[in-house]
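Next come two complexes built around subunit A: one with subunit B, the other with subunit C.
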Partner chain A sequence: MSKQSLLRLAQADWFGPLVVTLAAIAIIRGFSPDFLSPYNIQTLLIALAINALIAFSQMIIIAIGQMNLSVGAIGGLAAIAFAGMMQVWHLPVALAAILSLLIGIFCGALNGALISATGISAFVITLATLAIYKGINLGITQAQPFYGIAASVKHFGNAALFGLIPMLAVPTAIIAVALWFLLTRLPIGRFILAVGGNEHAASLSGISVRSVVILAHAISGFLAACAGMLLVARLQLGQPSIGDDWLILSFAAPVIGGAVLSGGHVSVVTTLLGVAMVALITQALVVFSIDPFLVQVVLGLLILAAVGINRLRETHLIARRA
Partner chain B sequence: MLRRSMPRVMRALLVAGAFGCAAIGPVYAASDTMVALVPPGPHPYFATWKQGGADAAKAFGLKAADFKVPQQWQLSEQNELLESLLAQGYNGFVIFPGDPVGSVSTVSEMVSNGAPVVTAGGCLKDPSDAAFCLATDTGNSAYLGTKQLIRAMGPGKKRILHLTGFLADPNTQLRIDAVEKAATESGDQVVQVIADIDAPEPAAEKVNAYLAAHANDVDGIISTAWVPSVVAANALRKIGDKRIHMVAIDTDQVVLQAIKDGYVDGTMIQNPYGQAYIGAYAVDKLRSGCQVKADAPFKSNALTKKFIDSGTAFVDAHDVDSYVQTMQDKTKQLLSTFATTYLTCK
Partner chain C sequence: MTSNPVFEARGVEKIFPGVKALGGVSLSLLPGSIHALLGENGAGKSTLIKVITGVHRPTSGEILLDGNRVHFANTREALAAGIGVVHQERNLIPRFSVAENIHLEQLVGRPLRPIDYAELNRQARQWLDEIELDVDPTRPVSELSVAQTQLVEIAKALSLRSRVLLLDEPTASLTPSESQTLFSILRRLRDSGVSLVFVSHKLEEVLEICDRVTVLRDGRNACESQSMQGMNRQDLVRFMIGRNEQAGGWRKRDVTARPVSMALQDVATAAGHRNISFSVRQGEILGLYGLVGAGRTELAKAIMGRIRVTGGQVLIDGQAARINSVADAIHRYGLGYVSEDRKSDGLVLSHSVLANAGIVVWRKLAGRFGRLSDAAVRKAVLPFLEQLEVKTPSLAQVVANLSGGNQQKISVAKWLAAGVKILIIDEPSVGIDIKTKAYLHQLIRELADRGTAVVLITSDMPEMISLADRIAVLDNYLIQGEVENDGVYDRMSQAIMNLIHHEAGHAAVPA
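Right, the complex of A and B next:
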């Protein structure tokens, strides 16, 4: 490969996160030979499958320059609705899944509609709806899990293609490709990025900002609901606390991947790599037997290091271009 | 609206037990007693608190004994909920404190407003205005569970993985110390403690990651928190490994089935139903003019000298189906002498 090709490669936004990810894999593999065992690869892919959907759910909102604090609450509500409909109403899996996705879409769209209609910041609106959706969750479950998960869902949560690739990764892969296609090839994707880049300019160019905002939030709700349902399949039960831990991850992965919080620039690939980095770091802390009281400190430092390396690379490239 | 329902058999047993308990306990109460049973956040451990409160209200003639859950496991949310409930007219509280020190001032506020507080499931650090702490002797439970695990693993030096709950939970450090003590006594080694995993996502990620990398490096798993017990039982079932022994905690259906199927050796059961039932009973007594005896035979733990053990027991494949009865017996036993042992009533 020529020097110019290498330089061009290095300028790609996914290059830095990819290098960090590969380096992390190599380092952990060096210390722990079982790290790349089929079982651990499965474990990693399952974590990636679910966490990627959580990150995408936030990424699409970051793309329009907003934030969604209710990602976890929507995912948790869809998850317990999915499990509850199977246990209490004995609905077929497909119908329960569709209704749960509709719940996710509705919750997301409601966020978008409230933000557009009131002009109140997304932070405030989604903070309020977080409490509402979580409250509905607790009202339904009384804080207790649903155990009546259909056998086919449990099987799906445990099954693997070729004994290596978990079935849970399949929907995520399809959604990732669809999301990439939407953001890079379809007009609506361009509208989303345009609204995030400069809302006023987008409005002047004829884009219906209100529709775009509602649509982005509806997509976010759909993705959160998907993540919640996959988690039900993985855990084999509908825990009311599903989604409680999603907020930090949902921001960390896109930001590590280079997303601009003010909007207008996000990337499916780099977000996916951001998710991979967080998953690798989390695994490394377990594999290397870090003191449980220091885990959060080390996790924070490693995320800072990962972001820092990426930023250094970008600064270096800008300097070279100049 | 969906309605969460307990398995019928379990509910029937609990109700039957409650009537049994009611027959034992003296039945005179302040008819305006409204007890709030408040955990620190949503968690399956508190599944039977609601039933325990409802049964106590019925048995002892309380106006209410309601289960109220903060939306998240956060001290500030619990404190706000407690203050709100006080304003709504609740005049007695059974709480699992969100923090052994951080909750002390809120409890003082409740008590100074005439609402007696009993802590249940977890204790406040002394000094506090809580009447007493009715909870599992968590250290002892973890110690006994580890001893059971060591017995199941057989002779020779063994390596133990310890899965436990929130580091902010006052019980977690007690459990870590107790497991370490039991292992050291028998010459075994705790090779890793994985903590802060009493939630589905981190538990699934970390437990599976550890087993993927180190399954050959451990001989046994002791879990001292609910969610990791569920996740580890599922993980052992998935990898089909019956070489690794495991002792869990609590009575999630996944764990009970894993015990029956031979993937888990047993579980340390606790008595949350009894905590709620007796806690509500005691709060009502305190409102009716009873006082805690100065010379009551309380036990001590790392946090308080006013500790009452609500009961714990090891359940394995032989008696997994009768664990409800085991705990009901403990509840009946405790209640039958509770007033005379711990209270002075006019």
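Right, the complex of A and C next:
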């Protein structure tokens, strides 16, 4: 490989996060030899599978230059709907799953429709719908979990392929590939990034900004619902508090992966790496038996560091061009 | 040339609530021609461009394409009809590749078919070759230079098979050599039969590459689709400035006995001014006349400490002043600046009248621990708001809800409240109606009568001649000369035009 192609590689978005991730794995492995034990890898992959969907759910909104504070509320609502339909209405798993996904898509699309119809900022709209969706959740559950989860779902939550890869990671892997394809190969995914990159230019090119915004929010709702349902499978119950702690993580992973909060630049691969870094750090704190409550602090510091690095890169790029 | 016009606008009127932006403008574009569209700020150029490109619908009048009447409901319809435009602001997606930007329109028609990037790049290559732009179609446009992105936009317009291509100030941010490259491309497009419209404030460029010209003034044709044959810079300037208007309200004000309030000596700035010297006395209105792009606003910003002064000196009350920041200018030297761009530079539109009028006195009024009471601000600014008869339901009203004239009054009032001794007023009457304009002129005279030294920047010739005591003419970032104003419009406008036409030395007006 020539020096130039190495340099090109080093400039790729995913290169930095990948190096850091691999380094983190090597370091933790050095301190704790059983870090890469099959059991530990499984635990990591499960966390990765669910957290990646949460991060994607925010990432697609960051792509259009907005934010979605209600990802957790949508995920939670879909989760308890999924569990509730199985317990109360005894619906077949497939039907309950489809209906719950539709609820997620509807909640997201409603966010998008309200934002583009009123022109009010996504922050305010999704703050309001966060309260509404969470309120509906608590109204339905009376803050009590649904325990009547179908056996097949419970089994899915515990099963592993080849005794190593948790089944929970399979939907996430499929979704990640589909999202990657959408955002890099399908015009409609490119429109999402175009709207985030330069909304005015996108609309002058004939892109319907309104439908793109609604679409992105619908996808966000779908992904949040997926994450919620996977959590039901993993926890083996429909916990009303599912989604309550998603918000910071949902921003942290894309941002650590280099997403630009003003829109137009997100990447499925680096977001996955961002999720991996967060999971590794959480693990590291366990390995080094550090107070787990520090995870939040570290997460916050990571976000600040990532934003700072992004900023440096931007100014460096601008300086080099001038 | 005997060919038929590819595009025509006939008697186009555009009325916005309360403002007639276009009052019957006509324009006809020939294939294989570069047509200059000229006019000062507010003359109606941008409104006309928006009508042509389908952003606005004309209130009356007709648009013809190949001799047939057309109605564009939106920009897409205009695009589809072959009318392309390269706007002043960049309209590309920064992180997307050159090829994808060029073909974004085409992708809209097939949202779910996967993109074949190899094919996209190959097609983009063709359009880039067409304009001899040697950039890799896979590069993101954020990595290109300003000139290159501009050319990508032209390639994009061509890929849509535009027969009419409007270029809105395409050279505004280009270096001279980049402009020359652009011109050679434009000439080649012209020779291949495209009808180009070139909007620019740089008359030399217009003289260089345009073959026909339309000039707008006050929303009307000052000249319509004339051949450029035999026209020189002065002819264009005369069309743009016009000489059929009368300057009213001028009166002689003798201030020669008053001390000099501010003087510039051989000032050079980072914006490119050289050897700028002028002075203004207490109570005097010094006009600073220049066409758009002459460096007027930049000079004002240099005096206010926003642009670095690189040479010479500024004297305030006879003392050399070191103005390093706007705060210095306001608080140490009593300078005030009423901005040309009220909306983005002068006022905080979403804040109240009180907050806007008080913004520059906050620092002076702030009590211990920086505490600031509304009552104190009210006491400081109310007399001036009343004096200027600002019409507002209350001081808590949000400024965005007031008329342009009232907004302008507030931006003047805030400087009065700050007790400035020298006030620079930049294009005071852009976007306000005639009645308010007359009132504003009265206000500026009264300000001067009370001893404020006023530097008035305007490209509105009648306004200049009805207000100024003395007029310094700025062109190309140089002072071309000064004329003593006598309020006689024909004579003064001729003298000013002569100065802009680089006939410096004839500044004295023949009596």
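The working rule: the second predicted complex is superposed on the first by the 288 of 322 C-alpha atoms of A that agree within 3 Å, B and C clash if a C-alpha of one lies under 4 Å from a C-alpha of the other, contacts with A are read in each partner's own complex, and residues count from 1 in each chain.
One rule holds for everything that comes next: contacts are C-beta pairs under 8 Å (C-beta built on N, C-alpha and C of every residue); 3 or more make two chains touch, one makes a residue touch a chain.
Everything numeric here is computed off the predicted structure, so don't read it as measured data.
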Subunit B versus subunit C as contact partner of A:Val286, first or second or both or neither: first
Contacts of A:Gly206 with subunit B and subunit C, given as first, second, both or neither: second
First (subunit B), second (subunit C), both or neither touched by A:Ala194: second
Partner chain(s) touched by A:Asp34 [first = subunit B, second = subunit C, both, neither]: first
Superposed model, subunit A: greater residue contact from subunit B or subunit C: B
Subunit A positions touched by subunit B in one structure and by subunit C in the second: none
Complex contacts: residues of subunit C adjacent to subunit A: 75-76, 79, 89-96, 100, 104-105, 107-108, 110-115, 142-143, 145
Touching residues (chain side subunit A, partner subunit C) in the complex: 181, 185-188, 190-191, 193-194, 197-198, 200-202, 204-207, 264-265, 317, 321
Subunit B contact footprint on subunit A (complex, rising order): 32, 34-35, 37, 39-40, 42-44, 46-47, 50, 81, 84-85, 88-89, 131, 134-135, 138-147, 158, 231, 234-237, 239-242, 244-246, 279, 282-283, 286-287, 289, 292-293, 295-296
Touching residues on subunit B, where the partner in the complex is subunit A: 1-5, 39, 42-44, 46-47, 50, 67, 69, 71-73, 164, 167, 191-196, 199-202, 204-206, 208-216, 227, 230-231, 234, 238-239, 252-254
